[in-house]
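My questions will all concern the structure given below.
In order of appearance the chains are A, B, C and D, and numbering begins at 1 in each one.
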Amino acid sequence: MSLNTFGHLFRVTTWGESHGPALGATVDGCPPGVDITPEMLQHWLDKRKPGQNKFTTQRREPDEVEILSGVFEGQSTGTPIQLMIRNTDQRSKDYGNISETFRPGHADITYWQKYGIRDYRGGGRSSARETAARVAAGGVARAAIKSLVPNLDIKGYMTQIGPHGIDRANFDWDQIDQNAFWTPDATAATNWATYLDDIRKTHNSVGAIIEVVARNVPAGLGAPIYGKLDTDLAAAMMSINAVKGVEIGEGMAAAALTGAENADEIFMGNDGSPVYSSNHAGGILGGISTGQDVVVRFAVKPTSSILTPRQSITKSGEPIEVVTKGRHDPCVGIRAVPVGEAMMACVILDHILLHRGQVGENRGKIG
Amino acid sequence: MSLNTFGHLFRVTTWGESHGPALGATVDGCPPGVDITPEMLQHWLDKRKPGQNKFTTQRREPDEVEILSGVFEGQSTGTPIQLMIRNTDQRSKDYGNISETFRPGHADITYWQKYGIRDYRGGGRSSARETAARVAAGGVARAAIKSLVPNLDIKGYMTQIGPHGIDRANFDWDQIDQNAFWTPDATAATNWATYLDDIRKTHNSVGAIIEVVARNVPAGLGAPIYGKLDTDLAAAMMSINAVKGVEIGEGMAAAALTGAENADEIFMGNDGSPVYSSNHAGGILGGISTGQDVVVRFAVKPTSSILTPRQSITKSGEPIEVVTKGRHDPCVGIRAVPVGEAMMACVILDHILLHRGQVGENRGKIG
Amino acid sequence: MSLNTFGHLFRVTTWGESHGPALGATVDGCPPGVDITPEMLQHWLDKRKPGQNKFTTQRREPDEVEILSGVFEGQSTGTPIQLMIRNTDQRSKDYGNISETFRPGHADITYWQKYGIRDYRGGGRSSARETAARVAAGGVARAAIKSLVPNLDIKGYMTQIGPHGIDRANFDWDQIDQNAFWTPDATAATNWATYLDDIRKTHNSVGAIIEVVARNVPAGLGAPIYGKLDTDLAAAMMSINAVKGVEIGEGMAAAALTGAENADEIFMGNDGSPVYSSNHAGGILGGISTGQDVVVRFAVKPTSSILTPRQSITKSGEPIEVVTKGRHDPCVGIRAVPVGEAMMACVILDHILLHRGQVGENRGKIG
Amino acid sequence: MSLNTFGHLFRVTTWGESHGPALGATVDGCPPGVDITPEMLQHWLDKRKPGQNKFTTQRREPDEVEILSGVFEGQSTGTPIQLMIRNTDQRSKDYGNISETFRPGHADITYWQKYGIRDYRGGGRSSARETAARVAAGGVARAAIKSLVPNLDIKGYMTQIGPHGIDRANFDWDQIDQNAFWTPDATAATNWATYLDDIRKTHNSVGAIIEVVARNVPAGLGAPIYGKLDTDLAAAMMSINAVKGVEIGEGMAAAALTGAENADEIFMGNDGSPVYSSNHAGGILGGISTGQDVVVRFAVKPTSSILTPRQSITKSGEPIEVVTKGRHDPCVGIRAVPVGEAMMACVILDHILLHRGQVGENRGKIG
């Protein structure tokens, strides 16, 4: 996992800035013969696209993906797939005033300190627009997974916004695509709408927690010790803009449990595969998938691009009060849902290929 | 970050099983001319060594590290440093009964399913003994950091055990080395002793949260987008045995904050460097260090090796009640403290070298 | 060095097929603050561009490079630089007849056997057009080298075509840019023109040897054991289409020398740096640069795309006589010269950054 | 391929110096369930062991390999295999006089310039003793290959010593193990013995060319563009001490051929697989194996450790005449034969795993 690339065998390198001519992903290592069309990728990009409701930025970016290489007559060839998304709605003037100023909570100051140069327009490389490239790459990963493990399913949803969590009793998979928050709790969706409207009107923003679940993951994916499935998932999720915490299964709450509570007991299922009494482990033991749902959660901090004035300094070290105009999301967590799904897809595919490479088929039978 | 190796330029590959002849770390990329002695590394290994008080396993492993290469006349040569720790207290008979059984919550079942073969003695490769190799490698990283950024300081401590957290008002750096829990809160240490004694006596175990802080980290370390400092820290900590969650700065709690609350405001300090009103970001913005304390937390689940019986299955798929005998820690989090420190040291050094490689000196001046 | 990427810190990933919409290079790890313009890169691409004289293919590809990211206001930002070259002169119909046939000496058959799908138009991914992306990336590397080691100079030239080598007594650096063969021997250039014209008229092709020299390379670049400067150069050159051999310094001829002949004796130079009586080593000892000229040679096989009929088979296993029409170079070695230079530039820059990362400044002084 | 590690999925990291306590290889990514015993590895180490006849150094190093991890009850577990070889015959005093002096043609000066410190005893890290670790790792690779592609066979032999090449008309596979030079030409073996004896008696040394052939390699191994099979082989061979040139198939001589001569014509074989009229390509087209023999050659320069005096300088820059005493091989090429075989085995296995990872089974059928 180095600089702008992630993955071992299925390798994704993203490139591009918010306000340059284009951004994209160079996807290397995709198996050959996978059905891939621009429309398939566009489906996932449209989930992330801004401007779909009042809770996401009103910038109008069509985010149309072009496949420049690696796909021939509708199938992957096994060579690098270049996915390009042109930047079209670039109101650079919105950002002119931040060229000499560091927005609190932003990467402005660290990019400057490190590199001595930065494309300040819209955050440049540190803009969340970069995640569009991940979503496109995730679309390729999903297509490849479909050809290898057809019933494997990846789904993300929001479980908390600001201090307001969902009620797990209301969990309904079918609700997720029915509301502006991608949340499985319809009641929460209603309440959150009111809450977030207030946040937006008071020129503020708020954080969120997203959970991503992969179902029907084969047992045996992941590799000790530094290529663990959870290690790679943690890195993948933490690399998303604004993410400050990552949890697998029980997550931070595992600290409060006893060993007796936490141990997922094992039984033989009717189909001859092990089943578990619970899934505190989040589908991963010793870095290797158990066959249970792989469950990852991550927290997204509130965006610092707010209209509420905050104290900061300029490049020349002068104090300044910063108000970030422009068109920003009151909760960037909403659009992080498809991004988390994409990262899950890329990591899972990578480990399917890694496992096949080193081991071939699973070797240990039970029963 | 691939399989048994982590790091970009400072690369650590660990090897070895719990009950094989030895385990160790192959450390590549250490700068030349760094003063390194076995005693320096042993200092950190002794922190992790079991059997030091009643709260850690009573196995007696001296964990003596031998330097087999890469150090000449007390200095690193720039070539690979092989650190070997012999396994001495191998009561393999304690584990014989688990060769055909999968302990709930353990990697027994996933290793079997993936590989069809496993060194079941003491968990084999999935044993926490592997972390001794990390601690040794971390000692090398600390030595190199000392030569490059002398005042950089790394310290880990426990902030929660089971449901009992510390009181931050009692935080005292000097307390950390004064109690069995490496905790900065003396009152907590006293209460935890009683609590953990109960856990132990009831044949149970419990989880914990460890925080690791790096102070005086230069601004500018880390690299967008997949080589972010927090990305690499998340992977590093999540790769430690039993870790289920990783947080940077505010962590999962960032979800509940508003943008106004979360933004660390920036001012000019008296020494001409930026200072911040707070450190919700945990010392990292956009994946790059700010110069503030780098703050990482991780949760360790309770060990599943307990005397309380749990339901499981055998290799042949028969139900079985598992009671894990042997000498296990009631809270593995205690011994995870020096491991977390070691991982922090390795990641920070790696990024010091990476930054020097790509950028040289920091380029952007303020003021 | 993995699949479509090469380099450790300065990493180049190329993508694209001969007859897709575009091809390019994703360049990661470039130092920030390097002056880079499209014109600077175009300069090198124009050296490689076909159709410049009768000895190179008459395809008309302007090979115009666009910088899509990583350069802001004329300077590198330290983030990925995307270099895109659109494919414009795509006479796909020239290639239609090879979709079912394997050209002898071509990658047609192996791509098919491996992947079961290939973009057969113009060789697809295996086309030498891919080297345009390398040349563009090499332009970035040259710019970065210029900012770090200003007097470092990289120059490639042809030393043999078919069986006809140059006379080293005629070696004249200034001649290199004066003839169609990039050769330092003016007499050879004249003779070769006649020779190659014959080859071309007889519908044949011929191989060549290219030498690339880097002058004023600082001592100390390269790293034992598998990151040796010569190891990376060997890989870089062997990865170029049609290359079948790579030599450092004396190369294969070193086998015939005695130790007494081969040892480059060492003296102190007037400027306090070591000087050598000879350079059999090609500027590299133990994988690390000595400060002498780094000398690499590689052999390019004759292209198999010839009008002379050769026996082959079709996908269905039927025998067929293959005559490759289209517009092909009688000696692809000519256009390999700027490609070899580009690879040298990328490898040297990578090792400058690697050395700075691990070691900082050279540490051992002499005298 | 980074610093002291090579390979993508089957990764080998070597460590250790000539006169430290031990050296070895950390082998990661080996498939599980492969039969591996110390005796199997020792077999190959014994081929490389010095002191077997008067043409190799008279140092007595038993080179006994210990397996410290990754093998359980005689089978690989899929976790890292640590192979350690203790250094026993360390006459360090032989080397004391070179601590302040740079031997011409040796890495002494470059290690010093780069690192400012070096283990000068016996060449330290740059000693050819490091290749013992490769041979051990190669033994693991051979074992894994045997389990995956049982009839795949790897064999190295010497084709030239000094100016004296073999006569290909005398080629006899069975001769290779019958003479001190691992050469398939019995007549050459006799002549070379006289020749090398002269070289030895005149206190000189001489170079050699080694050819390594892999037979029954499946078609489809290797990956464009920078993970080509020949790219990785070139790097692997060039990384061996004293190697100055690497050739695939026709090698440097390909330059002198015409396209009509060089094209290996393709026919259908009786077993339904393609057969070729010749193998100029060395079994690789477009970086991917054709199913023909994979043929690699490399040139080893004469060792510079000779008793003939050569001019050099000391650390303080004073001129000095260097005579290298100690026990050195008159032709290090002899012992390079098993090393070349080992590197071939590691690269081939790596590509078998890589291919299985990305593609699974070969997808394109012929006929």
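Simple rule for what comes next: a contact is a pair of C-beta atoms (placed from the backbone, for glycine too) under 8 Å apart; a residue touches a chain by one contact, two chains touch by 3 or more.
Remember, it's a predicted structure, so these values are computed and weren't measured experimentally.
A.B. asks: Looking only at C-beta pairs in contact, point me to the busier pair out of B-C and A-C.
C.D. replies: Counting C-beta pairs in contact for B-C and A-C gives the edge to A-C.
A.B. asks: Taking each chain's centre as the mean of its C-alpha atoms, which one ends up farthest from the centre of subunit C?
C.D. replies: Taking each chain's C-alpha mean as its centre, the farthest from subunit C is B.
A.B. asks: How would you label the subunit A and subunit B contact, same or different, if same means the shared numbers make up over half of all numbers there?
C.D. replies: Same, since over half the interface numbering is common to both chains.
A.B. asks: How many angstrom lie between the CA centroids of subunit A and subunit B, rounded to a whole number?
C.D. replies: Roughly 26 Å, centre to centre.
A.B. asks: Which whole number of Å gives the spacing of the CA centres of subunit B and subunit C?
C.D. replies: Roughly 45 Å separates the two chain centres.
A.B. asks: Distance-wise, how many Å sit between the C-alpha centres of subunit A and subunit C, to the nearest whole number?
C.D. replies: 38
A.B. asks: On subunit B, where are the residues touching two or more other chains?
C.D. replies: In subunit B, 2-5, 14, 29, 32-33, 78-79, 114-117, 125, 224, 359, 363 touch at least two other chains.
A.B. asks: In the complex, go through subunit A and note every residue touching subunit B.
C.D. replies: Per the touch definition, subunit A meets subunit B at residues 1-6, 8, 14, 102, 104-107, 109-117, 125-126, 130, 160-163, 199, 204-209, 219-228, 230-235, 237-239, 244-268, 272, 274, 277, 280-282, 284-291, 297, 299-306, 308, 310-313, 315-319, 333, 355, 359, 362-367.
A.B. asks: Inside the complex, what are the residues of subunit A that reach subunit D?
C.D. replies: Residues of subunit A touching subunit D: 9, 29-33, 78-79, 224, 353-354, 356-360, 363.
A.B. asks: Given the complex with subunit B, which residues does subunit D contribute to the contact?
C.D. replies: Listed in rising order, the residues of subunit D that touch subunit B are 2-5, 11, 13-17, 20-24, 26, 28-29, 32-33, 66, 68-70, 72-73, 75-82, 84, 114-119, 124-125.
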